[in-house]
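In this document, chain identifiers A, B, C and D correspond to the written order of the chains, with residue numbering beginning at 1 in each.
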Amino acid sequence: MNQQFSRRQFLGAAGIGTAGTALGALGFGDAEVALAQAVRPYRLASTTETRNTCTYCSVACGILIFSKGDVHKGDKADILHIEGDADHPTNRGTLCPKGSGLLGFVKSPNRLVEPRIRKPGSDKFEPVSWEVALDRVARLLKDDRDKNFLATNKDGVTVNRWTSTAFLAASATSNETATVTYKVVRSMGALVFDNQARV
Amino acid sequence: MLSPQIHDSYPVAVDRYSGLTRLNHWINAFFFVALVLSGLAFYSPYTYFLSGLFGGGANARMLHPWFGVIVTISFLFLFFRFVGGNGWKPRDTAWMKNPGAVLSGDEEALPEAGKYNAGQKIVFWSMTMLIIIMIATGLVIWDQYFAAYTSIEVKRAAVLIHSVAATAAIIVLIIHIYAAIWVWGSIGAMTSGRVTGGWAWRHHRKWLRDLVAGRVDGDMPKA
Amino acid sequence: MTNAWTDIKNTDLVVIMGGNAAEAHPCGFKWVTEAKATRGAKLVVVDPRFTRSAAVADYYAPIRQGTDIAFLFGVINYCMQNNKVQWEYLKSFTNAAFLVNDGFGWADGLFTGYDETKRDYDRSTWSYQIGPDGYALVDETLQNPRCVWNLLKEHVAKYTPEMVERICGTPKDKFLKIAAMIAETSSPTKAMTSMYALGWTQHSKGSQNIRTMAMLQLILGNIGIRGGGMNALRGHSNIQGLTDLGLMSNLIPGYLNIPKETEATFDAYMSTRAYKPLRPNQISYWQNYKKFFVSFMKSMWGDAATAENNWAYDYLPKLDVPDYDVLRAFDMAFNGKMNGYVMQGFNPLQAFPNKAKLAAGLSKLKFLVVIDPLETETARFWENHGPHNPADTKAIQTEVIQLPSTCFAEDEGSLVNSGRWLQWHWAAAAPPGKAMSDIWIMAQLHKRLKALYEKEGGALPDPIVKLKWPYANPDDPTPDEIAREMNGYTLSAQYDPKDATKMTLDKGKQLPGFAALKDDGSTACFCWIYSGCYTEAGNMMARRDNTDKDNVGLFPNWSYSWPANRRILYNRASADLNGKSWDASRKLIEWDGAKWSGYDVPDMLPTAKPQDVGPFIMNAEGTSRLFTLGMMREGPFPSHYEPFESPVANVIAPKIRGNPVARVFPNDLAQMANTGDAEYPYAATTYRLTEHFHYWTKNVYQNAVAQPEFFVEISEQLAKEKGVQHGGWVRVWSKRGSVNAKAVVTKRIKPLVCDGKAIHVVGIPIHWGFVGLTKPGYPANTLTPFVGDANTQTPEFKAFLVNIEAIAAPTA
Amino acid sequence: MFPPLPNPPTQTTAPKFGPADLMRRSASTVTPPAQRQTEVAKLIDISKCIGCKACQVACNEWNELTPPIGDNFGVYQNPSDLLPDQWTLMRFTEWDNPQTGNLEWLIRKDGCMHCEDPGCLKACPAPGAIVQYTNGIVDFISENCIGCGYCVKGCPFNIPRISKTTHKAKKCTLCSDRVAVGQGPACAKACPTQAIVFGTKDDMKKWASGRVDDLKSRGFANAGLYDPAGVGGTHVMYVLPHADQPQLYANLPADPKIDPLVGVWKGKGKVAGLGAMALAVLAGVLHYLKNGPEVATEEDERKAKSLVDGAV
């Protein structure tokens, strides 16, 4: 490798020089030059492999995520590559065009990286801390719930429902996220609650 | 009346090429050689080493077409400078009919030559034609800028024509250079701009006679 | 899916109708190509467009969107006429022999009991004849004119091949060819699989499209067998899970129901959920409903749910309408009856119909909270993007809070695939920037609400304050802890019912499965159908043993499949009345004289004798249902209804527009084109492209490269008529909006002739918007009508009317 | 099912082939090793291809290619053509089969065919810019590439593209880096329907014959394998349902061969040209040796002087 590298270096360094240098360097059909190039180095050497499931459709293809660093050892870990898991019974290592591009989802320039608030009438989002954002959401929820919660209907039946704030759950979050979401939303007596099952 | 080009000393000195003409020629010569050397780099694996002169193949590839453009433009000026003297005359045909005398330098056996003899005219016209061919086909295969304009089939033919023309042009160039070396005093004509009267008498007697007679050789503009 | 993706390899015939598996589920479609390559299976595609599924099909036929029931009834009729019925299966495993109430009937497109003002039925006649023993009457000879089979025969008789062609525009010869191919699978040794998706669901009668195919599959004996089944190809990675877990207005995890306000007490609620068997010996597994319900309530509220307070029945909200689905929510917002909206990983401004109405609704909210890993149009609905989003920013007084969450690569947990496999995945990297997991975000919201209610009091604090929160770090529960909660655990020690001294499971242990659930408050289980996913043996969802005995395609030790790790639902039906496989080469489970055993977990009590107990244990009949009683709003049988916006009148019932029981909000009907509307003459449909996933992958560079720009597809004939250039620009508009798009002029869409009228189809992919790396474009929902399926409220995205014209390229 | 390609290793793995396994090298003479490596091949089964572009995306991801986000130009094909940073491309053709009256949507994955007799390599003037390994992979070595575009003209399939920014020729490498560690190409790994499979050339031919039989049983009487002899066979082969008319598939050449013009300007023609030049030089040298310089004599000077003087 090093030798090959230095050969490349040398070629690259040969600018417009004297005929003597260039000719002497290259020679005719130098057999050595034939050995100058190897197959490109393999990209995944010394990476951490993590098993995961494709986030798109419900074929739920097994995927392998290759990262520099291991998040389970406390690294931030930088994901380099994602491809299909050949051991997975359904996809056998294959991935569709969406799955094959998963790295671009993780690294999308449109990933959200900070909480933000858009004030009424404003034309922009402004970054805020998590504390501010979460306190604000909790306050908005509580105020609306306290104001509009219906304990009994007109017939006096206990209905304990809240329908003036709506909730939508995701379609790609885990069951565990869904469970916690259900608990939090339902505990408030919220009825306007739906997911993405139909679209 | 004696042409001001003739300086009556001994030996007689004759102005053959003006400074501008010489400059033009040497620019052309320099870039033509660069063009040849860079072009030869992709001509054959045996000559690829020449790319080293230009800092490697990629530079040679990048520079070669620009050399071609420079040569074409420079040759265009040269062409207009020289075209007047290169009209084909009956004496040129006669000159051509005696190659033995040409090769042995027996110019007494040949018709008197004007500013250019038939061999030079052939060099001139063949170079003109080859440069036209090469710039035309060269543009077709100058992928960096013109890849989109022609089909691959056309490009393939263009590469072939370009390389055949280049072969011919290089051979013409070799003849040209050799002739200059062989005929002593020719190089001086293009360096100092002057030749001796004897040189002119020996190789371009009609030209000399015309200058002496104050005639402008029909195929010769004011130098 | 009743079956698994990997099981498709066992099929003989794949029918893709109401879906486009090759494009929407390419890696699942692999098993179709595999069945073709190794078994010589055939692939049939029926679709308005010649799709990429059709590109590799053995046979393709066009169909006008919204006419699938007519087509499928045509096939059922063909099978009946040509004696292509799996008779033994039909008689034993379906309710074909059940006798129906004499009052039941059908005329002019409506079943008995229709109330036009309510747009609903009185369903009391939609019932069986019940004998003196309390069981339903049957005629196993199928001779009685009131038996389900004969009623169905009569009901489908009008769907002749000629009628199919008239309604669907499918040429008769093509229809007959496909009917014959399908009919062949009535052989007990042949299997057909139905692969469908939103092409069937996104209609105002979507559920009935699917029912019709299910009925056909039952008649052919293709349910419960390897290579057969009704295979709904779910569109999102965990939408099966979110539905299983009941994240809908009217559900409790495991398909239990949120009470209605008419069910004022727990007893009233339970009284309609007794699920007494309708035939002798039948299991009718929903009889265990109370165990599931009580265990759920214990999981939610722990010690606060007691027998005395009816397991905290009052903590549950009670419904005043059938459901508060997204359409209703946005209608409420549009009408100013909604103050806040919290959205987790969802982009409804793109995903629901009539974008203008959605945007108006969002503008009337006081606050909008968007939790997402990606930038979405919904979060930026207030931003003006010219014609692509003409918002009046200053006038919009909605406060928008955008919270960054993690994506798949940064979180851990389980997802349920279409084949009901719960698969565990692990995090590979830390989230970008300040993004946090959804679990953390929800926990933080709960923590704050709980603190506020503890401090300030307020409306009914108890369900919030007393919510069971059994996590080591209440601020950030781990997926592992929550998975254990989903599975369920004992609240007190469990003893053998036969020997009260023998403890089977100590207090605080993971339950082995839902059979261990109790209605006495001694077990907690968040989602009964998932019980068994995380037992004392560990996390079953994380299993990665891919061995597959005899290559049957089941992979029983890979992850966990609900229910009870069963890979093929109704697998008892793979064997005949004596418990022998219909087809020895398709063995799943068999009766060995003492018990059921085989490759799969039996969908049956292991010791239930084959002749005694029917294979459909969740149904009170023990059989499957060709006649669904009152469970579907349109009627016990499907019937052909046109889409709400249709280019032709309903041939079967000319007076009926759309689905007679679909819910339509008052303002929306005014925004729908009339039947055969000359101003909107073309039948439009929307769909996914394989290069994109909804509105996500427009944020992904490589997918943006692969399909960069919004376009619509039209036939060469329509292009010629309208002067549209290939790759030129067109404007497409409906009564609700207008879009500009590039035109893909293609041979793959051809005009259809329906009832003598040429119908042009306009195809509109859904993936573009004003956010993303792709070129800015219009979302398809700019055009689509605000109406949903009568049973599920799935929007009618697949069939509506538009007009089209050629335009010059828009500037800028 | 064709055995899936294995998962990639994460440990450092010695490449299974390298510089010692060169069969050909552009503008150079190499002596191939005595033992040729087992020939590999990629087989693209058009009858299984759903045109999903997974191969395109997987290729771009693995090779870190970022082609520009373009326009829709009236078809599903995107980008519009192969690019220096788009090495494989699905080409879509809608064809009404006159025999059956059925529409067929013919989708072909275009890209380097890895010819046994590679026209690009033949045409390339830069030593070592194009190499062919003994396993059949034809690879472009960017470090040696001069960007002249001769490979474009030499290729019978119109595959290589020259980067406008780096001025290097680019094309599919058959994922030589993956193959070297026992993997298959990224496209074959990704292909959802196994329309792309990868293995030894012999195995691929056997697999193809099974596929051809299946197609024949489904009425494609002219189904066959595309492994064109004109370029000595290829290491990327197609199963074509209509093998009698390859040109139906987005102008796949029926009988590709290295254009004779390329042969003329690259082969013996150039040697002859160099010979002619050398001869010209030699002729000059000999002529000079024989005749010596042509010098104006004293006599000439006198005659000139008298001519001039006569005139004065």
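In this text, contacts are C-beta pairs under 8 Å (C-beta built on N, C-alpha and C of every residue); 3 or more make two chains touch, one makes a residue touch a chain.
Since this is a predicted model, take the numbers as computed values, not measurements.
The set of chains in contact with chain A as well as chain C comprises D. Here the chain at the heart of the structure, going by C-alpha means, is A.
Across the two interfaces under comparison, A-D and B-D, the one joined by more C-beta contacts turns out to be B-D.
In this assembly, the C-alpha centroid of chain A lies 36 Å from the C-alpha centroid of chain D. Per-chain CA centroids place chain A at a distance of 67 Å from chain B.
For the pair chain B and chain D, the distance between mean C-alpha positions equals 40 Å. Here the spacing of chain C and chain D, counted between their Cα centres, is 49 Å. Shared interface positions of chain A, i.e. residues touching 2 or more other chains, are given as 11-12, 29, 48, 82, 84, 87, 91-92, 94-101, 104. Under the contact definition stated at the top, the residues of chain C that touch 2 or more other chains are 26-27, 30, 690-691, 701-703, 706, 773.
Chain D has residues 1, 28-29, 52-54, 56-57, 61, 127, 144, 192-194 in contact with two or more other chains.
Here chain D touches chain B in the complex through residues 27-29, 125-127, 129, 144-150, 152-153, 158, 162, 164, 167, 259, 261-262, 264-265, 269-271, 273-274, 276-277, 280-281, 284, 287-288, 291, 293-305, 307-312, going by the rule given at the top.
In the complex of the two chains, the chain D residues touching chain A come out as 1, 4-13, 15, 17-20, 22, 25, 28-30, 52-54, 56-58, 61-62, 127-128, 131, 133, 139, 141, 143-144, 173, 176-178, 180-181, 186, 189-194. Residue ranges on chain D touching chain C, taken from their complex, read 1, 47-54, 56-57, 60-61, 66-76, 78-79, 86, 94, 96, 102-105, 107, 192-195, 211, 214, 217-218. Partner chain D is touched in their complex by these residues of chain C: 9, 22-23, 26-27, 29-30, 33-34, 36-38, 40, 50, 52-56, 58, 60, 689-691, 701-711, 725-728, 742-748, 773-775. Residues of chain B touching chain D in their complex: 2, 6, 8, 10-12, 41-48, 51, 56-58, 60-62, 103-105, 141, 143-144, 147, 152-153, 155-157, 159-160, 163-164, 166-167, 170-171, 174-175, 178, 181-185, 196-203, 208-209, 212-214.
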